[in-house]
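You will see two complexes here that share subunit A, one where it goes with subunit B and one where it goes with subunit C.
The block that comes next holds the complex of A and B.
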């Protein structure tokens, strides 16, 4: 008699598998404590319409992590990044973040989510107590609102309120110089568009009280055609136009407004223009559009910044984005903090990060600071300039003044009941 | 005068500056009334209707939105009329048309070749798609057809992502059209949009005459009416079905190609156009070419004038109009009763 072996999983291997499974479920910390490498988890947006930004975040993180690892790692431990796609959905971002910590054994999180997802990841960080650095969310309330404050989370990102103050004061100075009193706005109809436009006009009017908004347009997000908006603005005849359209929406808008010669008839302030993703796509970029800096190689005008932009381009064959410099800065902060603490313990790192100032190519004076009282990035290069149709695209950027930013930010926080 | 200061950036001729100034003056009465933005701004609308400059500008704006929509919607309605299929993947042909045109333009630098590539490329794609896939689900239930189409919406989007990348692209305006807009009765009309309206209008006329007068047109109409009889008379209905699908794809592709210089190209760009095309066919009547033309133009004009009178409700206005048509005439304005 012969016994035929049934195909499939044998009893022995099933037992072995169950045993291994039980081990890792029962004692994840054993595996963690023994690991020589430190795993850092990162949920970010790698598919969908903003995938380009998520990819540029991953690229920047890897560029810096490679440098840290080559120099010996974090307190002697090599970094292993675990980067997952959240598809830009908050609930998915939260799930991925939780899984990265609980299942993959990541000790820290870098949160590469847009503002919608960042609040969800923030709650996961609050719940699990892991060190978390937000690297993409510009929503001011994430750190300004004391209800959001937790000791283990930091924001290494430019902030909406800073941009509004600098944009408003820049636009007001141009307004006064050129006598631009009648303004129109045209921004995408969702939270970011409404908030950013509201804050910009608030500070514009504060610095230039005689400014009047005579026309508002709120096209849908991702609207394919803006012709009716363009002609409506032409009819209203403002002297200046503000827009916080971004990405493909902004380039569509420019292409369509171009053939109505709109850019010759008014000063245009488009806060998101000076980003390589938009600058390199628009074929007929008009001269003289005012824009805030996102990431641009020429500002700050230091060899360090230019070298960083070139190194990124050499490696990935495209220019970095706004999200890139923020993610790179986060890794620089973590590396410096680990060096100072001579440890990779999340609590110790968080203590060191509070108020830490590091050398950084994206600082307005060559350094940036993680402000201690609200765990947010300050001192980064922020300014406005005008475009030209070819590289360097924005030849001169007028830097914002951090003293003014701090004063008005404190006032804004008070008005919101945050302090 | 404040009027002068807005002009300082213009690097064109003094004549242009003079025209722009006239444009400002002609529509001054309207302007005085639109200095506030409210949810319903009938004053702004009335002011616009009484100013020739505003009227011309907004009408051309409505026409270009409408004519591009017509090119997409007419293919949709034609395919439904003859093949009895609701082609949910029609937006993909608009997308492919735009991408084909951009690639051809980058390779050759010729605008005419770009348009040709957009139209011809999508026609071939439509033919293959119909023969290989859609022809297998004729007569199947609607859900089956819908699922096949929807699967291809996703597949086509991913194909574009694989070939051209996930980020948005721009074709750029050909140098020949980078000129100052025309000024007609004080209104602003960009020359490129004149071309666009002209091409779409030509397509509408050729299509209308071709279907009603030519022999092929008669065969197509006969095939729509009674495919069994047409087939019995020795005419290859498969060829006709394939041809109609290719024609529909070509028109959508042409719309995409014409839109490519002014709209950004992304995977999935066909979706919003498809939705609006459905509104057009519902308003105009499924299967009616005249209905598609009228529906598309109405929608374009609703958008352009609605954005003045109802700045916060422009989108809703389109749907409201659709509801009114559906309630008062469920088959659409030009739809046949119980088709």
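The block that comes next holds the complex of A and C.
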């Protein structure tokens, strides 16, 4: 007796069909699980006096995230940014950061907070063990102080101490060339103003020992009227003035000092001048103000940097700020680390980030490095130049020397008891 | 006992027994509330909800203590936030610099707050209305400026950095999220219960009398200045407790905690919840934090939304939410009895 195949669908093909059916139903799920987006949380300041800086941080992050997503994402996962306002309040920053991780399921944090807010988010990162990159806080102690150190937090920001060393050496060279011995200072009366001015004068005197500070003014933060400060400085008749006023304070100060023709009577060193938020707002920008670079399209003088500034302007119809390049750099670091680790696991990324050098339009030599021992950004473009009243505003910037910065920074750390 | 005294005792007896009953009822409500809150982690794994309750504890203690001044005594303090900040900073500094056990630091912080509140209060409570409001505000700015300028001690505008150490005590580890949550709930419930007792005691009724007519209270032999000073110090203690909960939550203390905006938020909460009921500020706290947390999720223009809500309460309801509900109930009750 021979067995003949019954016509119709066999058991085997039924099974095959069922399998195929199951696959076709499941395939999108499987695919989705593999391409599941990675959420990155970002508390930053989107309301209040410094909202412009927070918004520029968000813009820069989105500019870079779009590029990463277009190129396939982080280890195959598309990035979804969850960006929320902290109002510049530390308790709100801590709450938002916790909410982003605990409720919204963010796997990493980009901390777009300044000053106290960044320390509050740092504590959240310590508590939750989540990978965190600080992108706006310039306070040196955030990474220099070993008490602050945690393995999962990094700082992708310029630092107060680096600025002071470069500013001090630049000012000293101008001082020597022009014989500027009598100096005055005028800085906002809070920790940043006092610390930065103290460090600047320390390095100025180190490089030019015969400099003498003959007048100090400490206007309040967000002070509307600077008349008494301007007249006090004019009466003291210094040959040079240092100021770390910033943003609206700096522009008000310059507008008011212009009335007294102050800028013709002394050399002015304003570390925060070369930022588009200040340069484009001052009514009559005096020629020849010395300033450190914050973000300026003309420094570093590379086509990559200029192209980045133009792309930002094309998309958002305004120029980037100092916070913008720092946030963009953070995304570049994370993307490169994910590529190297071929993973989005926070711990693995943190391991790769240590000592990682990446190509970057904002580096002195086209690269920047996340220093391994204190998790902080080095090698970024840092320098000083003088202003002109129209674009490019600061045509030539003299770059700072990172070798000197490293030497003096190590000395400074020792003096603070950090090493 | 004279006949007169016997008569008074007879008349007071039912009042006292009602008061005792009320106290038992309050304790019972507190126990149930604590049991419900403490069992929450068993039902939900939502850390955000626990965070929310911890923040409610901090702000709730602060706002209810402000209501002891505003609602019960008629002292509108614009500087109450200084004690919130003082609590956070004292506790944080004691833990960071001295490393004492948490309960000791807690008591020490209360002692420091009491001392400073007594000095500030002694100057402020002599003044009335707008003068009182502004002098308290001035003291707040003094404390805020001191925190900013004394950078070597307080960390200046960057706050107390490096985290607040939270060593375990009596099996309680406040570094653990659930432990911190239960401790915050316990502090909230105990704090509210204590404030409720103060409000319902003869002392609490003296406060109301001073609020309504200080001259009359004075003629009745009450030392108005001393009573006001006492309630000022008591309110400061509870605000300081709120500050400590906040310091534990964020593991730090920041100058913003002692800034006038915190006092402003306290007054805002009281307006939202209502000042004529004991739980009004607590309701206001939950409302404000809920509003804040939901609105900031969707827009950075939260200021506009909060402003509209406040306008609605100020112009629409003309009172806080719980005041409105309480009034509505009593109207319904009256209507039901055909009055």
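Things to note:
FYI, the second predicted complex is superposed on the first by the 384 of 419 C-alpha atoms of A that agree within 3 Å, B and C clash if a C-alpha of one lies under 4 Å from a C-alpha of the other, contacts with A are read in each partner's own complex, and residues count from 1 in each chain.
As a convention for this text, a contact is a pair of C-beta atoms (placed from the backbone, for glycine too) under 8 Å apart; a residue touches a chain by one contact, two chains touch by 3 or more.
Keep in mind the model is a prediction, meaning the values are calculated, not measured.
When both complexes are superposed on subunit A, subunit B and subunit C sit side by side without a clash. Contacts of A:141 after superposition: subunit C is touched, whereas subunit B is not reached.
When the two structures are aligned on the shared chain, A:84 is found in touch with subunit C, with no touch to subunit B.
If you count the residues of subunit A touched by subunit B and by subunit C, you find the higher number for B.
Of the two partner chains, neither subunit B nor subunit C is touched by A:176. Looking at the shared chain after the overlay, A:96 reaches subunit C, while subunit B stays out of its contact range. By the touch criterion defined above, A:283 lies against subunit B but remains apart from subunit C after alignment on the C-alpha atoms of chain A. Looking at the shared chain after the overlay, A:192 reaches subunit C, while subunit B stays out of its contact range. Residue contacts after overlaying the shared chain place A:398 against neither subunit B nor subunit C. Note on the superposed arrangement: subunit B and subunit C approach each other to a least C-alpha distance of 7 Å.
When the two complexes are laid over each other on chain A, subunit A has residues 47, 51 in contact with both subunit B and subunit C. Put simply, subunit B touches subunit A in their complex at residues 2, 5-12, 20, 24, 27, 30-31, 34-37, 48, 53-54, 57-58, 61-62, 64-65, 68, 166-173, 177-178, 180-181, 188, 190, 192-193, 259, 261-264, 266, 268-269, 272-273, 303-304, 306-308, 311-312, 314-315. Those residues of subunit A that touch subunit B in the complex are listed here as 47, 49, 51-52, 178-182, 212, 214-218, 220, 222-225, 227-232, 234-237, 239, 247-249, 251-252, 255-256, 258-261, 263-267, 277, 281-284, 288. Subunit C contributes residues 46-48, 51, 55, 148, 151, 156-159, 161-163, 246, 249-252, 254-257, 261, 293, 296-297, 300-303 to its touches with subunit A in the complex.
Of all residues in subunit A, those touching subunit C in their complex are 46-47, 51, 84-85, 87, 89-92, 94-96, 98-99, 102-103, 115-116, 119-120, 122-123, 126-127, 139, 141, 145, 147-148, 190-192, 194.
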